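Next up: some structures, all given as structure tokens.
Okay, so chain A shows up in both of these, paired with chain B first and chain C after.
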Partner chain A sequence: MGHASNSSEEAKAKGSVGKGLARVDGAAKVRGTARYVDDLKFPGMHHGLTKRSEVPHGILRGIHKREGFDWSQVVVVTAEDIPGRNTILLIEEDQPALVAIGAHVRHVDEAIALIAAPTRALAREAHGFLDLEIEEIPAVFDCEEALSAEVNVYGDDNILKTYLIEKGDADIEEKLASCDHVVEGLYRTQAQEQMYIEPQGMIASWGEDGVCHIIGSMQCPFYIQKAMRALLALDDDNLVVEQAVTGGGFGGKEEYPSMIAGHAALLARKAGVPVKLIYERDEDIAATTKRHPSVVRHRLGFDADGTIRAIDVDVIFDGGAYLTLTQVVLSRGVLHAAGPYKCENTRVRGRAVATNTPPHGAFRGFGAPQTTFAYERQTQKAAALLGMSPFEFREHNMLRDGDRTATSQLLEGSVGSEDVLRAVKEVAEANPLPKDDPATSIRHGRGVAFYFHGAGFTGSGEARLAGRATVALAEDGHFEVRSSSTDIGQGVQTMFTQIAATGLGVEPDAVRVPTPATDRVPDSGPTVASRTCMVVGRVVGQASVALKNRIESWASENGFGDMPLRQAATAMAKVEGEISETVQYAPPPGIVWDDETYTGSAYPCYGWAACVIDVRVDTDTYEVAIDRCVHAVDVGKAINPVVVKGQIEGGTLQSLGWALWEDVIYKNGKVANDRMTNCIVPTFSDAPEMHTIIVEEPFANGPYGAKGVGEIPMDGPCAAAAGAVEHALSTLVSSEGFDALPVSPEAIQRAMRLDS
Partner chain B sequence: MNIEVTINGESRSIETEGHRRLLDVLREELGLVGTKEGCGEGECGACTVLMDGEPVNSCLVPVGQIQGTQLTTIEGMAGSDGLHIIQDTLVRYGGAQCGICTPGVALCAKWAVEKEPGASKERLRELLAGNICRCTGYQAIVDAVVAAQNSSESSHE
Partner chain C sequence: MSEFLSPKDLPAALAARAAHPDYIPVAGGTDYMVASKDRLPPPGIINLFGLGALTGVTDLDGGGVRIGACTTYATLLGDARIANTFPLLRDACREVGASQIQARGTLGGNIATSSPVGDSLPPLLALDAVICVASSAGERRVAYEDFLVGYRKIDLAADELIVAIELPAPHVGAMQHWRKVGTRRAQSISKVMMAAVAHLDDGRIADIRIALGAVADRTVRARATEDALRGSAPSEEAAKRAREALRGEITPIDDLRSTAEYRLGVAENLVRRFVLSL
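And then the complex of A and B:
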């Protein structure tokens, strides 16, 4: 395990990179002194509440304040109170901040009006006296139905976005027909709730100087800044967006926080006092974004020796009622759909479809888990059909250094594909499955998955973002890392501390990484896409080295050559004022991407992973228990192994939860299970003991060799878990029983009954 | 009503309505905002406090019920210097990520380790199952609690 380069070995010797440094925000979190948005109070602060649609599709005819309530006690905001454009600006302007009278309501729980009151109780009372008059029209909830429906949710055809990726000259049908075998499957995955334990929330206040200040739970301060410029008609000088300590995000706090920030700001503007808008758990589950439900048709053509020769995939994602980030999620979904396998003839088609459900959006993995589930179910079936071991089939077909992906990207370096599969195979072979005892109801099964995940923005995205970060000497003598990367639990502050300390050649306690505010940090791009360590971490490292060099040359020119860096920096700052270095990200050379044909370098590099899941299925109760979970992930370089292990294990359990237990149930477009009681996530007792293996194939353009790790652990365990249940019940149920998630006890019961 | 209670070792007299949620009284009246609200219905355990040494979900406890009890919130878990051993191992093993479940997890783990010294990993998972964490996959928390358990055992030797 591990192939650290010489240069990173040297770095390790000098600094803290590579060490399991305790989280810099750890003590505050275990003491309960870390301050999240709901812990903050401002003088005169009121509490906000959102009035939402109860119908999935209609035209708003009126908002009525019913008699019997003293409306002078509260402030009510409607679309008429919006000073700028009535939109939550992200990619397009299709989603309103508040539905205006006469305009379309497109989903249940869409925001119509806002209330602020001195207490939450009073706001709730007013909410009950505010009536909405909506003329209901027919709605569509199923993404396949929406393709042919009369109901228009978006444009003329409800299609939000399409993609086509083609590789090879031959006609795909002819190529499939020429293969010895074709495995065909239809795979469905359900929406998934991020279920960060801290519900979403924001506080907005307006200063007498006209500056709007927003603080809250978020991943992307500058996404909110951009949306607020449009909604509030403000320029950057009159707008500050600040992150509070954030209790988890997983993508769920990527785009939706702009909605809450806008609502809080509109209320605070009209009320003339700060307004806190914190979602209740049921509201958060019902109204905010989730993972896109998917339908994936996959045809895998291969020869008798196990060589894959043709892949044809058709991907449909349910985008919900507005575009939000759907086109980007679908892009990542199709770019991963052919899998980490060599194949000269590939076709991937993707469509995102609008329906009258609340918009789906970013969630860790961002489209890749859906298509990974499909291709790894296919791989399992193909290996079984040929009687090959699941490892052997994958080894035979896997992409290696020097191979080309489905977009014809040449893989050059940092390809840990063989290492990760070998690592889990060794553990699996040393621990064979127990034999089933036919006298009992228990059946054992093993599933394997092998996958990759592109790190960073797609194609030329990182060049367009041009993320920047600053390292400066703060007034109190600490070195300060300034970036818009938010710590949402994944350890940004700790990781940047280690990268900067190593770059500067100082102890970690000489470095501080504050939570970002848009008036204090440069735009480093959003905290998404497994890019924070690899991309922003790289510029933090470069800025640290540049600052160190500048201080050292100043010190030697001024006769302080022997002085420790921090002292020299303080001396220099007395003469020169604040000293800082800002570096802008430069993508690695040779990244060529064609957005029209979807060919070329889809990502700067890929993470590689493999996992083995062993399960025990009780054929009387249909319960599944996970007995073994082995997960190997190639992260390039673990800047902090404890943090990296935490990312892998957390992502693994989210994937296993999605595979076996988690579900979001819609009834007439409304989330029916909007409580933690019925929208379940795994507990301590559901989770397996995890065997996590960190593999390091350094990426030349990442900091000390590091590449992305945040999302890849989410991609594959779901397929391994479904495969393990299939394996356990292979003599009892046909494999189609496990092609839809979740493989819940109810689904297993249905599958066993259908086959008996 | 008037409530006499000991919170984190300090006697308090609180004048409030008895049906209010303990969680709200702690956060809004007493400023003890280390106790977090995750779901408001006793599912997630983020609002866990110890009442006479036993974990309770403070979102489900009407404040009238705390009359005469001893409460420990996260603010009272560590001594005046340093961290409680469980807080220390949670930080070192990576058992706290986003931190919002951490106060509840830390208090519940303290209870579990004191209630059943030497409990197996499997038993610890059962004892802690009322606290949901979405970040860690639970492994680092379990490892941290086992490490704290071992360290307490060795300190008794």
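And then the complex of A and C:
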């Protein structure tokens, strides 16, 4: 009897991977019972507020508490109150937690002092009575101007980082000169705000035992722990970082939460009570990181038959005032800059430059969307120049299994390049564009993009991270997945539930995935880089299988061989105490990467994608509406196809938003459009009906063949959308009006005007 | 803390208004709540939302309607008289905010805020609306164009409340046209709006009223443009004259949402398209 129920349980569980299991976090979020950081209250808790520079570049001369306010009601923290090193530690130590007197202020929203008060209103009042004395010095806001180094923001030359990728023996100029055609383009992209639904926030409290507890909205608990060790001079035993339910991140909660956590901890330490520090929307938009603005010069050399023979790319990213993650973002930008195309002669140069704007940082796609926009605009122009179909030109040049990338990485398996392009081409060809009626203001256009995205950390990054995950039997009889991977709305808890249930051979409701806290979970690495499913999911699956095997052998040794796994596990735990298995990630063999020459296996594997965007441009209002969006993405294996489609469609809309509507307007280094009414992101009404095609070319080292999906949909739709607008107006506009984002109605009007 | 008054009827509301000229009268509160974060709370609030005397649509002699100032967009959207006789207003109401705002926001509130980007205002101007204003001393009626006196300024005394909006019946066979151009399709603040009403007589434009939003410090009638069109056949040539006239009479600005060039160019294109559609 037991045996029979066991096998039917297993049969159901086996179906879990690959099924559209309902989101395990869904009910609590829909019912409003999920507790986000601002829903949490602690006894005696005070509210924190940040006093910011308001000057883009200068030297802090003084912080003055003006008279007329009873300062005994509040706590004020300055750099002098920092017990450890005054830095938000990530890669370098260039960014202070609070600017010290005599030190440089490098952007308008730089934190200088902190206030905590029993109420927000009182903290606000104190904020108004706190005066900053800053000696202003000239500032630079444009990354190309910053290269001339007349204003010094970072080092001697404002260059945060450079990279060079070279492939082929020939001189690139000679090689380009020998091509039948060279298409040259200059592409600019703007900053982009993540606009997660939940603004950033943290609560910090210090126990009488000297342990600092931090809870809040975040992607990477262990990044915060690392930063707090330095800032607060604590060891890990005296520090617990816990994720609260988090309402979106998109990279925006990768590095900046360390700043807020540090500020809340400093305030709580001095105030002697828990302190909640929640950003208002305007403060969040103004002060936290955004996508790096970019300037990309791209030269594409090819022969009359359409064969690409030389690629030369020069990439400049605006890093903002501090390094933060910029060098890693630039790395991904240059590693994707040559595109998913075969070419023997390639040069990619990358520079990240410091300016006096708030630091730019992680955002879904992480440098790849900027360079993808450039190379896919180039591909469109090259195909048009030759009179080739956009599909044919790409098919002719695409990387396939067995080819080598710009870093000479040999692609071996899990290359869905042909499949994704064919899938969108079939839908596109079955649905031709409607004919334009010249009596109306509407013009139709179609754009195509084809791209790839490296999944996981660059080069030997995953080996260095050595991410671990644990699967254990919890006291209440559930199997618990313990990892530092955070569910930020992207479905991690559901995906881990399915992988663990399948590995253990139990039903999904036997598995629980709690939000992580650093004292309860192993370090699985950060929740970034499209790595959570592929890398952490892999070790969750391995730990689940290992735990199942252990329980089964114990059960058969102890005469419980017929017992269902959960019952056997409970029986085993009564005898052996808590049972768990922890597995550390082992990268696939043969990953060789040279960080000096930027050659070798840049990523363990790549996702592949293609999309077709059909637009309608209204030449009366210059508005663009998207009529069709066909997007095929090779994800290896969709652990949960509903979640995967959600990732693809959300990323697509984020990319289309960046292409057509979104802009961050800076005035004197300060974000001017700091509201949801003027920092425009698309709504459901702007979203097209999406035709999403999941392609599965399994990756041998991913769980059930899965590889990254989180970022790739962000990379390419922007280029297809710009190309579609260009196509729609091709009889009206011949200028390069669509090489800068956003292709807003105002930009379209300018392009049409320039040409008329 | 602000004192919060909820008068039970119109006389009580008018008495409260007279007694507390520094209190803010609030209808749906959708504008008031957004702005409240950045300013000190007022000494008091007079809540008018749901007041029976200020709510609902009633028929006027001659085919027009009287709309209570605190009638919500949602109510207007469900009203068959508005849909049949004033589709221009219905179309504009449909594009205000989202369902939540439409359920709470009111026509009178939009008029009182008098933002240059108020979505319901150009239709009222193009439909020749009359604003009914009351105080304890009695009621007066003002043509909407005269009621608009400056940037977010209306002809309303400190003891007065807007009580109703009257729309006269449009000319039989008149065309009504609404176009909102926003920063996105929904939940958007307008960059350019055009409300237009016109009718032809013997192939010529007998009368035309064009109201524009987001192109000046207040909602404006394009009078010179109308003059350039009246009496003409609706042709490309007439549209060209209208564009020139429009360039002479509006001077939009650059701001965070758009550019002066865009607003002017789009307003010209919308006028042209309307003329050609007649």
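Assume the second predicted complex is superposed on the first by the 741 of 756 C-alpha atoms of A that agree within 3 Å, B and C clash if a C-alpha of one lies under 4 Å from a C-alpha of the other, contacts with A are read in each partner's own complex, and residues count from 1 in each chain.
FYI, contacts are C-beta pairs under 8 Å (C-beta built on N, C-alpha and C of every residue); 3 or more make two chains touch, one makes a residue touch a chain.
Note that the structure is a prediction, hence the values are computed from the model and not measured.
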item	value
Partner chain(s) touched by A:Ser441 [first = chain B, second = chain C, both, neither]	second
Contacts of A:Thr677 with chain B and chain C, given as first, second, both or neither	both
First, second, both or neither for A:Glu746, with chain B first and chain C second	second
First, second, both or neither for A:Ser685, with chain B first and chain C second	both
Which superposed partner A:Met195 touches (first chain B, second chain C, both, neither)	first
Per-residue touch tally on chain A - higher for chain B or for chain C	B
Which of chain B and chain C A:Thr119 touches, first, second, both or neither	neither
Which of chain B and chain C A:Glu623 touches, first, second, both or neither	second
Contacts on chain A seen with chain B and repeated with chain C across the two complexes	280, 677, 683-685
Contact set on chain C toward chain A in their complex	37, 179, 181, 183-189, 191-192, 256-259, 261-262, 265-266, 269-270, 272-273
In the complex, chain A residues that touch chain B	20, 22-23, 25-36, 38-39, 194-199, 245-250, 280-281, 488-491, 642-643, 645-646, 649-654, 675-677, 681, 683-685, 687, 689-690, 692
Contact footprint of chain A on chain B as seen in their complex	27, 33-41, 43-44, 46, 73-75, 77-78, 83, 87-88, 90-94, 96-103, 106, 121, 124-126, 128-142
Residue ranges of chain A touching chain C (in the complex, touch as defined)	280, 441, 619-623, 661, 665, 672-673, 677-678, 680, 682-686, 745-746, 749-750, 753
